[in-house]
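Lettered A, B, C, D and E in written order, each chain numbered from 1.
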């Protein structure tokens, strides 16, 4: 098979061996969950329960506060014990609803529609919106929004993102191995919703069995295709994946729909399938608990809001002195100050690094070696942006591509001077936003 | 050697070998002053080319048809500076009125040029006898003025490029500004030494 | 044309002095006329301040300021906020002149100084949440997991404020704490903008009472978070005690309205967490009425925030030393200078 | 803070390369050339190289101490600069030459601008240009003869020389006392050709004979192995290619600059290299790419990270510029060799090249 | 300000080259030897003093609009005098200074002093200012020239000062050496200023 890819990018050690062979295990019921009102891009949800209310599993506890927003559901049945600031899986703290479980685990209502494929498109969209599904690869864009492109932007291709280019993470891989058929059904549903002719599943070459499995299942489908992709980070980034799979270039600042493409994570496709067929809200997901610091790396199917500490215990606890806890993958994930936070809808993994691996070196002077320029998948000048931000020259930073950066971290990964390019660029983006606000 | 050949030699000489700034030490004030940003360096450079060409033409005419006939060569300095000052001011006013955009990018540099010794320098050099005792004629004077201006602009741009880059590094405090500018000029002069002794 | 005028002249006066004088004179005349004519035809209106600044600059057009000549520099000062001290040939004299010209448009106001409203942020008085590794700038650090210190309203301690201060007014001591030199501070507001936690506020100079905290946390949490354990807990005691209602509590945080504040320091005495500091604490004097000067106008009695002055109209007043807080309001208001401080 | 977890911005994993690894690898890649130099000229070349490298390190350490900034001589960049500078010095030069050059290179070329990564031009080349401008005669004469060969690398020198001694002492001095590039430069000079003999035709004929001889296969072999006169580190094209291959394999240098640089020189010398009376020869470009400092310059100096353009297109422009200037200086300039000056000149142009070859962001239209 | 302080300020405190940073071109071009530097310094001083006197005399009768052209003409006149008298009495020096004698006209120091000082002060103070600035210029020029001549030629005012084994560092006599020498001197000035 011919492997495709995109220009730029890096090749970190994939480190998937920790958890790749661990089958999905269903985590036991947590005693307590904290469900954040902001697990997605867009306006935070508005709570519809009060402290003291009894809730059932799957019950709506916070509703979308606009079009680009999300419903949140109780992931266990029990009692609402607090609505307050709790640690968020991205390291900050924000408003969340805490539910203390009663152990009953009662569903609020669930159906099984055999003829789910024949439902009207609007009904499908409504079910997705009602289920509170957002992109499960990490960014967390509400799925019902993504699946409602304006009429003047026809979609011809749906790409399922099974790339999982982040090192360590294996949750999508396990999902593909164990629920391949459901994912394909999800893909077909998405294609129906956006009226696309073609469906593509992109998988990186380090998951050959997943590629084989998908190919076997799609043999009879003429409009569905598996695309094998070369091992390269950040292949899973939307624009890079689209380029690798279709050779189309999404204009800078534009959305995939500009080139007639919708990209969805395989996990999202699975959730879409469950939501449309069973009306099942998004209350659980697969998360990889992995890294050298964990005793027994696993892929857990856990309820949204389960605290990381509990998940780590389920995996036998830590095996060494942990230096760094990363929510998400090590390239773009967030380092956490502790394990108190509860997992969110976008939590694809938790990586525990040992002390030695966690320590990073001092920043040195920029050598201008241009490695960052060579690897930048967006074709920018990361070293120039970072230096311009450092010396408060915002104009120059913007000219060098400040606003086109997607913070994939490839530049900082290769920098021999250990310059924290991503953080500088991030700072620059904040400064830029401030300057824009001031200018207005 | 034909006209084009001679022109080429003159261009190479004015830009690389006998650069106004790096080997003749002319026009250093704007070279060190207006080389902090590439944009303004470009505007300055264009203005210098423009004025040097015009000044070469006017000063040559004044010298040839006003001073020489009366044997007043000794008045050259006075006559030239008067001509240049008036010329620059006139051009500035015209541009300011007629093309505000051009004025913003080019015209604002004009007053700075009056006191740029490169302009007076080229005017005087144009009427100074060459090694073989002859003098440039009108056409060659104008071309010399133009090419010398190009040479000035060329190193000014290179300098501005480097200094813009140096804005983004931690230079020792005592080196910032003029000292590093001078040392950079020295380094550039050294880099231009490769063209010494070129035989074309 | 010029030549045709000169030739007959030259022929008639064969003097060696006359010819050069005439030539130069004619040249000057012609150039002058052309320029005078051009100045009329091509006249462009400028911002009067630009012209004033041009006039006050040396006009050497040396370019040392980095601008294109003196006119360019004047334009840059007026229109693009260039610093006013870049003219080397002009020296201090031109700086003063420019400051005067540019100052005309600024509204004269009470001098303010920057004050950091946090008691924490040093190397040994901050509680850390995690071991931060990264860019040593407050602006960068606060974006990662809410900042490295426990209190996410408090000072991060990477001295962004010091870095932006062009007047060297902010210094850092050996414990990593920042101090603002009131003499050097010009209230330019650069540090106010630089602080990502918005801890720095401009306060009128010579005020001694400051609420040294910006935490919006509630009572037990606030103390746990604060590195110095001197947080404002929003109890409101200071607000109730304030004789002029200058303190308001909002989101568990008290703030002084310096337009109302009389700098009496009463709030400092009641603050249970010592979040309010008073540089003049214990140094305030009490008012005393000089009997021979007092005309009994009752102005002081009316102005006294604590009603410490008593006295009938046209009678000599007395001060209740117990009640006097030394705010000096009466001293300023007394028409006869009959009140002194002891 | 021992009990706290480390928190930093993403990414949380890092490639293993770092600055000092890069620098010491380049030093390693340069050692074969030194081994050849020691073989041809004896231990003297090693001593000079070490003098240069050590004085560079000492200068850097002293200046950093004075500036009260961390001393970073361990990263190997100063050592590398000193080493490269010494490589550009005649093995017969006095002992203080590499020291003076290194001190100037580090102090003026690097530390003035704040150290590693800030220098606008390659400090080693600046040091060399400084030495050449300060002591031109010491830098361009007194070449040492390689142990097994002669200065000009002529294969059958004895045969040609015996003939020449009587015919033209000037030409004899040339082929026995000059480096290959100097020989070629002199042969290009019409006044020299005329001076060989009153009969111009004979002079041209003679010049041609020497010219073809010096560019023929057997002489090229001398050039390739380094069996000719020249600077310490530049003579053996073979040893330098060995080191370059290592750097390319290690991904420390990128192929664009050396390829386009050498390629440009190859093409241009093929087109414009022949002297009056000699025809085009496929050997001539090889002569030019193996002689002088081209290999050293193209692989080790033009590729210097700090002073070469950031973008791939920029690097190509830069390399072609280096090539063109090298050929121009070699063919019509005042110096026999133009590698160091052309790289210096293009270093100066680098910011401009960067400015005008800035990449277009992925998906951005212009 | 008194006459004395006007006289001395130009030498160190407001040194035209090291502090105000004006007149770079002649500084670099004519500092190849101490004798050249002294010659240039004297010539510039003369022009500076004369133009200062003249301008402070006519300051009240010159209309503001044309004051710069007037000053330029005044300065040019004095420069021409220097140029011609130097050609007559010191032909060797005149030859080695060459173009830079007429270029005194556009030396920013002179016009700058005319504008910044003579235009606003009386004749006596203007003379003091002119002498002071001129001496400061000469002094700075001599310092640069001393370094360059000693290192580049082994001599000072044509007297041999370096041991005969000294191999002169030719670069200091050339353009790059001029730039770098002055650059380092300026950095030194900055360092001293910082220390204060």
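In this section, a residue touches a chain if its C-beta (ideal position, glycine included) is under 8 Å from a C-beta of that chain, and two chains touch if they have at least 3 such contacts.
The structure presented is a predicted model; accordingly, all values stated were derived computationally and were not measured.
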| request: Work out which chains are contact partners of both chain A and chain B. | output: C, D
| message | As a test of whether you follow the contact definition, which chain pair has the most C-beta contact pairs? | response | A-D
| field | From chain E, the most remote chain by mean C-alpha position | value | A
| Maximum centroid distance from chain D, chain identifier (CA atoms) | C
| Approximately how many whole Å separate the CA-defined centres of chain A and chain E? | 70
| query | Roughly how many whole angstrom separate the Cα centroids of chain B and chain D? | reply | 34
| Where the centres are mean C-alpha positions, what is the separation of chain B from chain E, in Å? | 22
| said: Report the inter-centroid distance (CA atoms only) between chain C and chain D in whole Å. | reply: 58
| Where chain D touches two or more other chains, by residue | 4-9, 108, 112, 114, 117-118, 130, 133
| request: For chain B, jot down the residues that touch at least 2 other chains. | output: 29, 32, 75, 78, 82, 86, 114-115, 169-170, 175, 179-180, 183, 186-187, 190, 193
| request: Please set out, as single numbers or ranges, the residues of chain E touching at least two other chains. | output: 21-22, 68-69, 73, 108, 111, 171, 174, 176-177, 180, 183, 187
| message | Can you work out from the touch definition every pair of chains that touches here? | response | A-B, A-C, A-D, B-C, B-D, B-E, C-D, C-E, D-E
| query | Which chain B residues qualify as touching chain A in the complex? | reply | 167-170
| request: Quick one: which bits of chain D touch chain E in the complex? Just the residue numbers, please. | output: 108, 112, 130, 133-136, 138
| note | Given the complex, residues on chain E that touch chain D span 167, 169-172, 174, 176-177, 180, 183, 187
| note | In their shared complex, chain E is touched by residues of chain B numbered 22-29, 32, 74-78, 81-82, 85-86, 114-117, 119-121, 124-125, 128, 173-176, 178-183, 185-187, 189-190, 193
| query | Can you list the chain D residues touching chain B in their complex? | reply | 67, 108-109, 111-114, 117-118, 120-121, 126, 129-130, 132-133, 325, 328-329, 332-335, 338, 340-342, 344-345, 347-352, 354-355
